[in-house]
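As written, the chains take the letters A, B and C, and residue 1 is the first residue of each chain.
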Amino acid sequence: MRRLYLLLGLLLAVLLLLPLVLDKYLLGIFVMIFYYAYLGQSWNVLTGYTGHISLGHALYVGIGAYVSTFLAQKFGLTPWLGMLAGGALAAVVALGLGYLGFRFGLRGVYFVILTISCAEIARLVVSHIDAVGSFSGIFLDFHPGFANFQFRGNVHYYYISLGFMVLGSLAVHLLARSRTGRLMVAIREDEQAALALGVDSFKYSMIAIAISAFMTSLAGTFYANYVFYLSPNSMFGMALSIDLILRPIIGGLGTVLGPIIGSFVLTPLSEVSRTYFAQSGLEGLHLVLYGVLAILVVLFMRQGILVYLARALRPWLKLEE
Amino acid sequence: MSLALAFQLLIQGILLGGIYGLTAVGLSLIFGVMGVINFAHGQMMVMGMYISYWLLVLLGLDPYLSLPLAAGAIFVLGYVMQSTVVNRILDFPEAMQVLPLVAMGLILENLALLFWGPDPRSPSTALGLATFTLGSATVDVSRLIAFGLAIAFTVFLVLFLKKSATGKRIRAAADNRLGAQLVGIKVDRVNNIAFGLGAATTGAAGALLLPLMPVSPYLGHDFTTTAFVVVILGGMGNLLGALVGGLILGVTESLATLALPATLKQVVSFGLLVLIMLYKPQGLFGGRR
Amino acid sequence: MELLRVKDLGKHFGGLTAVDGLSFQLRPGEMLGLIGPNGAGKTTVFACLSGFLRPEQGEVLLEGQTLVGLAPNRICELGLARTFQIVRPFLNISVLDNVMVGALLREKSVARARALACEVLGFVGLGHLAQSPATGLPLPLRKRLELAKALATRPKVLLLDEVMAGLNPTEVDELIAFIRRINAQGVGILLIEHVMRGVMALASRVLVINYGQLIAQGTPQEVVGNQEVIEAYLGRGLKHA
């Protein structure tokens, strides 16, 4: 185990030093790796650890992006605080959704459909609110500065997104070892059996969805201030909801390292192939490959890449079985 | 609000509802037999639209004539999807079942984008603009034909499942997979056919929709979610329920445009979906779960 | 005072009466057997007591407090734990983590819950397997794990649903010994069992139900000689045999 922490520490040190040698384009790819790893980690809390499948997590990304941007544009509030406001609203919305789903016993595909529906309702409603640009969305003006969460180049974004990924993963790691996290896992494994052991599955499912939504929405604020543009389709759309679940599933669901490994594998593939195919006039091909990869992983590496990686590294890391 | 407008919208809603019903019947059949939700359903329908679009543009074949080809092509697509992927994931945990089907939708959507580009295409068809009047309302001929054929297909599918030997095998496999296996039914093959049939309905629906709306690669999500709503209304796995659910949704959405902008009508259907799931999860007409 | 008191319990599924006016009491430290032919309603009784089903009529009192209408987790918190006939281990986590879920009900700190879980695992003889994943356990050990999970919630009353089914005689004897030791700590036990050897060895009193109704009760020896009980299990003799 100690060697594993040593290895992770080493890798982190390398990541901290990378901006010294990488150019803007490559840094941008790493920003996306960290961003999607963090998103996957946030989703992992609800689906990987607690077992409630959400296919509407774009809802919380959208809330985070829109709330902080709206507050910054209307009231000049710094996105660092707007981010918390967005997180709070996302958690409240998630608790409302969770109340409906968990109180009324929607499980499995029914819960999936509930999450999709809520995200779609939000997307359509936001598309009709003029104060946030309705269909066409919001363009952010560029005013670089720490308080504005906007920076020239990619170095700042690199460190901020790295921070998100590391702190988010640390938070999930601690959660997983806590009493709350253990009860969440029991709910995932067998909700009825957990109830029989006194686990208040409603309460812990609610805690899980609130934490997950709060974390997810912070990424929304980051993304808005990274790309300077948000629209209902890109922030609330189903495409994002799908995108953000692929990495934890491919890496290993319900594990702390899964979303990170999944993102390190999938994000560069997707970023590089996207630019490459778009230049060759084959727009969309990268998503086809992406889909094929996702299917292959589910069919042939059901537990995700992490398990195979761990097996390969076990002798060296002296991990227990 | 004029009564004439309401009547017009009612007619339109009923006619559109027939097509909703037809796609939902396919989704419902697939769920009823395999217990999985086909998250690629809408994208398959878009494929059906593009296939009949191609046949129209390249061969001059009217969508009503190319309909069997579109349905057949999507049947094969469904059959292949089931035999290569879905049969292998039936015993997987639910999160693992969702992903491959979602990925399938992603693949189909982007294949459509690769082949036909992002711009909407609306070919002119023989009956495209023909209309007649019914009382105070104007009725598009192509809508009426689409409605009639959608109902006919649904009834045919239900009869097929009830009467034919293959249909009976499908229902046996749906009822009890292990039991069906024990009496010698090749469940995997039956599943392939069932998924193929469910898919074929979307191919047919796609062909029927082509004269009615411009086709673009990104329509799929909306079609899928509409089909969800209808299936949940009618009860998962209940085919006739899906047809009636389609009519209800068509009318509701159509009448909702009296009070809301047309782009918000889907909020109504999603709202309906959530309410039905919460208060009548077995659907209005009873379902399998 | 009784530990558990059930008065006039009734549960229907549509037109089918699964439990019909059942009444009984469990005294502190007592072991009570609940037997009856297949489909007699035994498991439904357990589901009604533990909150997984809500009975339409009757009362269930644990130390004088009513349990009807409470959620299963609340009932477990109040001190009534159950096992499932088809065991339900949390498959993807270790044996120790399984038992800790139960232990966390009483011990809010993870470290103390771990200590409690280890103690329980030692008690049921699974201590050496604490770190193995639950999915690897064979059925007899899964039954012990099921027992350990319930025990870790520190119940006052334990409902055991066919914990001996599918075990060989040696394993049954081991389990009988465990259950005696649990009982010796003052836990009241209600057991559904088809393995008569287990019932005879453990229960001081036996309730026999058929079609949801109590048809006989008494010591195991009294009950097995009861004509109505024999008929319930074997049917009436054929007249023309």
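Criterion: a residue touches a chain if its C-beta (ideal position, glycine included) is under 8 Å from a C-beta of that chain, and two chains touch if they have at least 3 such contacts.
Please read all numbers here as calculations on a predicted model, not as lab measurements.
Colleague: Among the chains, which has its CA centre at the largest distance from chain A's?
Modeller: Between chain A and every other chain, the largest centroid distance is to C.
Colleague: Quick check for you: compute each chain's CA centroid and the global CA centroid, then name the chain with the smallest gap between them.
Modeller: When every chain is reduced to its C-alpha mean, the one closest to the whole-protein mean is A.
Colleague: Indicate the whole-number Å distance between the mean C-alpha point of chain B and the mean C-alpha point of chain C.
Modeller: Centre-to-centre distance between chain B and chain C: 49 Å.
Colleague: So what's the Cα centroid distance for chain A and chain B, whole Å?
Modeller: 32
Colleague: Calculate how many whole Å lie between the centre of chain A and the centre of chain C, each centre taken as the average of the chain's C-alpha atoms.
Modeller: Result: the chain centres lie 43 Å from each other.
Colleague: Please output the residue numbers of chain B that touch at least 2 other chains, ranges allowed.
Modeller: none
Colleague: Note which residues of chain A are touching chain C in the complex, please.
Modeller: Where chain A meets chain C, its residues are 177-179, 182-183, 185-186, 189-190, 192-201, 254, 320.
Colleague: Please name which positions on chain C make contact with chain A in the complex.
Modeller: On the chain C side, the touching residues are 50, 52, 71-73, 76-77, 81-82, 84, 88-93, 97, 100-102, 104-105, 108-110, 113, 131, 149-150, 152-153.
Colleague: Going by the contact rule set out above, which residues of chain A touch chain B in the complex?
Modeller: Going by the criterion above, the answer is residues 47, 51, 53, 55, 100, 104-106, 108-110, 112-114, 116-118, 120-121, 124-125, 127-128, 238, 242, 245-246, 249, 253, 282-285, 287-288, 290-292, 294-295, 298-299, 302.
Colleague: Using the touch rule from the top, collect the residues of chain B that touch chain A in their complex.
Modeller: Residue positions touching the partner: 37, 85, 88-89, 92, 94-96, 98-100, 102-107, 109-111, 113-114, 118, 217, 221, 225, 228, 232, 261, 263-264, 266-267, 270-271, 273-274, 277-278, 281.
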